[in-house]
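Below: a set of structures, written as structure tokens.
Both complexes shown next keep chain A, but they swap its partner, so chain B is in the first and chain C is in the second.
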Partner chain A sequence: MSARPHAGLSHRTALLYLAPWLVSLAAFHLYPLASAVHLSFTDRNLLRATDPRFVGLANYRAILADPAFARAMKTTAVFVVGSVPLTILLALALALFLARPMRARGAARAIVFFPSVVSFAVVALVFKSVYAPNGPLLSLLATIGIRLPSILNAPSLALPAVMAMDVWMAAGYYAVLLLAGLLAVPADLYDAARLDGAGAWATLTRITLPAIRPVLLFALVINSIRAFQVFVEMYVMTRGGPLSSTVTAVYYLYEEAFFRFEMGRACAASFILFAVILALTLLQVWRIGLRAPLTESGR
Partner chain B sequence: MTRTPAAGFRAAALVAAALVAAAFAAAALVAAALALPGCAKRGGPSEERVVRFWQFWNRDLIAPQVAAFEKANPGVRVEMETLTWATGFEKIVVAIASNDAPDLVELGSTWVPKFAAEGALRDITSDAAALRAGLVQWESGLANGRVYAIPWLVGTRVLFANVELLSRASADTAPPATWAALLSASRAAHDPDRGVYGFGMNAGERHVLYKKFLPFAWSNGGDVLDPDGRPALGSPACVEALEYYRSLVPYSMLERQDQLDAAFLEGRLAFTISGGWLGKKLGETDGSFRWRIAPIPRPRADSPPSASFAGAEMLAVPSGARHPDDAVALARFLVDGSRALEIARAERSVLPAAIDSSAREWYDAHPEEKVYLDVLRAAKSPPAVPEWVDMQEALNASIEEVLFGRAEPRAALARADSAIGAILARK
Partner chain C sequence: MRTVRVALLVLLAILYLSPFLFMAKTSLAPRAGGAFPDFGNYAALLGDARVLRFTLNSVVVTFAILAGNLLFASMVGYAFARGRFPGREPLFLLLLATLMVPKQVLMVPLYLLVVRAHLIDSYAALTVPFLVDAMNVFLMRQVISSIPTDLEDAARIDGANERTVFLRVVLPLAAPGLAVLAVTTFIAHWNDFLYPLLFTTRESMRTLPVGLALLSQGEHSVDWPRLMAGATIATAPVVALFLVFQRRIVDGLLKGGLTG
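Presenting the complex of A and B:
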């Protein structure tokens, strides 16, 4: 039990410790990333045997001029705006519920977290059958007099249906994250609030939320980034249809690469998406701020 | 007191880290070696030639044929890989892109012109010359008179009719032969409150819709391009076909192919247009209801036989093939009439591209399967041009807009024409 666990480590030793991760980072992340940057400036076609030619910004121009990409970005924005706040609110509600003393707390937390350990593709397949024309959801709706011909094949319902699945899937994960934040809030703050006669709402908005602000920010940022990159759901459930209503940005670039084989353009599209995500992440960090949480200053 | 154990622990951790790093480096080297073409030994003595063959059919069906080929060709070993319909296509594209393509690959006919135009396939004109007369559906395998793929198995679409639902709605249980008959029978059988729909219509799935609509346009005398290669979807024949197709919508279940097939299997669709795979599934779950297949209805009783969609599974040699001659030999071996018929008989969803006397004999003895053969005779394919991959997206979008009530047939098809014109002008 050394008091200073890192005292004896030299830089070289530290590097050695990090080596496995650095090797995999370089091989599986940095190299592909650099290669994608390069490809986005070429006319690389997956089927073409000839060497790709440098085309400058032509790919970026073509993608930005493509109305289908604009539409895909709009669909992605709808997905993000529709699913992220809902996910975070639901996660917060679940976390507040799970933080209360109750019987079988561990089991309750496990159940809430459960959707996060199942593969996205599996969940998407399950929801596909739930939403199927003769599936349980439509049958249930029919018993209360609502008759819908289809869910995933209705232009106005397909995207919300996928979003609902996404919220269901993600809320549990963020609930557990927020729960960890909630449990770190010092109990004496709540005691003091109670003594001062603060109500439940005031306690939530004046103590709990400010205290878990960093966790909240983290959840919001990570969830937004993930939502911007939504793809597997579309790939499994809708393939972009109907009427292209579920073609998101990543689904668009997937089709650009694997149906039109234009890898150069697909790479350009991915960097345009990256720029948008980066800008919005910076905006979120700036708006909510990385200010020190109450727990630190309260010490 | 704390020094010695900590130092010992550090040393142990260092050794462990070094081992992990070494393992990673070794794994990376192995991966690099495997990825480098030519570096990896693909097994066997050096004089043995390994032909890599990727295909989509049941392994148990193809393996004996491949074994027979190996026996007839000493020194050649075939390394067969069975792809899935869900992911196989991407796997082929990635293999070609990473210069690790197999020697022989099965490709759907709609993709062949695009692959050939980009230089991904080998010109096998001289090797295929002897096969030309014996096989059907060559169009997609040809470009500028050169051969890039050999038709192996061919498929078409027919009208599936649920006889139970038909007899409930009317006395006439014969599948409808004309557009008007299909419409009225669909209307009569349509009962959504009971979960029964008249017609199963494809929607929501791009890359599929045109296969279901074009037969109506073709049967009415329309086509995607006119004889001079100009866009012709705006022609009165095509517009009329789409107007008719739209008239089925109120009595239809609009769904994706898998859902339509499932609905028909559950006895909830009176009619749907599908391929032999549905017939196979119906045969496996026989007994629940009577069903029949028939040619796609023609516009009027006096119209010529309707033209269904024809597709082919073709065998092609990628440009990067290491043993192209052996690959072509394997292709010639597989497309042989009796071998292809074996696959067709087992899979039921396809017919052999070699319709020889033994195939004709078999289909004559199996009238329920012969419908496919008859339909195939008059069936058509979309234009065999590399631009079709893009053109079909424009057509699909127009069809879908009409089915969902977002556009009128005439305007939608005019839009498809101008999009297709722009695509063709890019060449």
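Presenting the complex of A and C:
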């Protein structure tokens, strides 16, 4: 390559163009992150006028010993374990169905993806009215003889009802993601399997699933991370109720910060959650095995 | 076989569209004395100063963030794609690392920052922290990297200054990427819930999703038809965008992950 006098940007120009992000990075990422670490070691409470004191690990200890936190973690675990595997299975089934050659694929893809472009808050609001005492779901169930109490006011039904909505929404999203993976599997793999006389089940387990394994793992990991942080649905539909049965980890954190104004404890809780999410992610990647780099599997 | 497939497709469409059809149907429910498609709820919304204000706030906030990202994310993406400055690789890794930090870790310190700056209930709080999105920078860096440098070099040899090269040469060539950025950013912030909830306390500063959610939790009994009319209005721009840019939106959102 010959040296060109004008090739590329000068350092000064590059820095100038980088500046908006550098400012944003410092002000809205690095500074808040550092301040969250610091706050998590103080007894900062917005309702107290006195200066926050350094309390060491007291916030972390208090949260880990708080029965309400333990309960929130359990509720979150139920939410994640109950919805994520089901979501991925349904998404896989949907994607396998849509991967068959058909004219309506584009339309079907758009329809199952559609809820994902609508505001979570709006979707939650619509489901709140679907689940309402005089709403369509209860009347539909009543016509076939099943009589349920007001769904979102029943401690045993509220969490499953929110989970059902989450599965419905996320299955469509991940179906489209997995479909992209399925359509990228080279056709000659299938031809070779057919020549070897492989049946439908053998083709699925020996060819299709190994081929889309990276996308499948990616979907599992990002859906777990998202489900672990579920908040908006709870805020809109149940406000953590009834009887705290839908207080999830992030909802607990929200109440700690914005009802009790315990900012130090809320920050400590956020780092505990961060650590749990990270551990969970690494565990999934390690258990299921990651043959292909994650960065390529998102496509 | 074909019948089964058609039946499954119909079932799928019912399953995924019926909640939204129910939303639209409820919004057209007759008010006292009317007949079924009654647009009275929409008329009532237009007369409801609160909902008009939510809508205005959503429009102002979304378009401000959109404008910021169109300009800033492409500037920063351009610097990463074309700059040869020291520290470029570590800075780019830092950019990717910020994508991994969960929202809930930043929500308390960001809230305190806004409180300390006395910016609760301001458009500044609702927009400034979101003007340069790391995901958008990443997207624009990829898009600009894939454009050949010949035209930029030619423009420089013709005596164009750096600003002209960026605005007149790079941005037009990056237009397909900017379109993806525009629709995904619009959808993300039109729908955003968490930060508009945290950064506002006055009803007059609520955005549509937050305002509608809080109206459903008022002390009075919920006026579902009117609320569903509001939800329909909040959904309409997204439906319109989705109908036109479906493929770009799907591709763009699959890269970013499903976010609340």
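Heads up, the rule we're going with is that the second predicted complex is superposed on the first by the 261 of 299 C-alpha atoms of A that agree within 3 Å, B and C clash if a C-alpha of one lies under 4 Å from a C-alpha of the other, contacts with A are read in each partner's own complex, and residues count from 1 in each chain.
Here is the rule we use: contacts are C-beta pairs under 8 Å (C-beta built on N, C-alpha and C of every residue); 3 or more make two chains touch, one makes a residue touch a chain.
Worth saying up front: this structure is predicted, and the values here are computed from it rather than measured.
J.: Answer with first, second, both or neither: which of chain B and chain C does A:Phe114 touch in the superposed model?
T.: It touches chain C, and chain B stays clear.
J.: In the three-chain superposition, say which chain, chain B or chain C, touches more residues of chain A.
T.: Comparing touch counts on chain A for chain B and chain C gives C.
J.: Between chain B (first) and chain C (second), which, if any, makes contact with A:Met263: first, second, both or neither?
T.: both
J.: Answer with first, second, both or neither: which of chain B and chain C does A:Ala132 touch in the superposed model?
T.: Both partners, chain B and chain C.
J.: Determine, under the contact definition given at the top, whether A:Ala36 touches first (chain B), second (chain C), both, or neither.
T.: second
J.: Scan A:Arg239 for contacts with chain B and chain C and give back first, second, both or neither.
T.: both
J.: Of the partners chain B and chain C, which touch A:Val285 in the superposed model: first, second, both, neither?
T.: Neither: A:Val285 stays clear of chain B and chain C.
J.: Look at A:Tyr17 in the shared chain and tell me whether it touches chain B only, chain C only, both, or neither; answer first, second, both or neither.
T.: Both partners, chain B and chain C.
J.: Check the residue A:Leu57 against both partner chains and state whether it touches chain B (first), chain C (second), both, or neither.
T.: In the superposed model, A:Leu57 contacts neither chain B nor chain C.
J.: If you lay the two complexes on top of each other, which residues of chain A touch chain B in one and chain C in the other?
T.: In chain A, positions 8-9, 13, 17, 20, 24, 27, 46, 132, 239, 258, 263 sit in both the chain B and chain C interfaces.
J.: In the complex formed with chain A, which residues of chain C make contact?
T.: Those in contact with chain A are residues 5, 8-9, 12-13, 15-17, 19-20, 22-23, 26, 72, 75-76, 78-80, 82-86, 91, 94-95, 98, 101-113, 115, 129, 131-132, 134, 137, 149, 153, 156-157, 162, 166, 187, 190-194, 197-198, 208-210, 212-213, 216-217, 224, 227-228, 231, 234-235, 238, 241-242, 246, 249-250, 253-255, 257-260.
J.: Please give the residue numbers of chain A that touch chain C in the complex, ascending.
T.: The touching residues are 4, 6-11, 13-15, 17-18, 20-21, 24-25, 27-29, 31-33, 35-36, 39, 46, 94, 97, 100, 102, 104, 108-130, 132, 136, 168-170, 172-173, 176-177, 180, 222-223, 225-226, 229-233, 235-236, 239, 250, 253, 257-258, 263, 266-267, 270-271, 273-274, 277, 298-299.
J.: Please give the residue numbers of chain B that touch chain A in the complex, ascending.
T.: 2, 6-7, 10, 13-14, 17-18, 20-21, 23-25, 28, 89-90, 93-94, 96-97, 114-115, 118-120, 192-193, 195, 203-207, 253-256, 259, 262-263, 266, 268, 319-320, 389-390, 397, 400-401, 404, 406
J.: So in the complex, which bits of chain A are touching chain B?
T.: Listed in rising order, the residues are 1-3, 8-9, 13, 16-17, 19-20, 23-24, 27, 45-50, 132-134, 147, 149-150, 152-153, 155, 158, 238-244, 258-261, 263.
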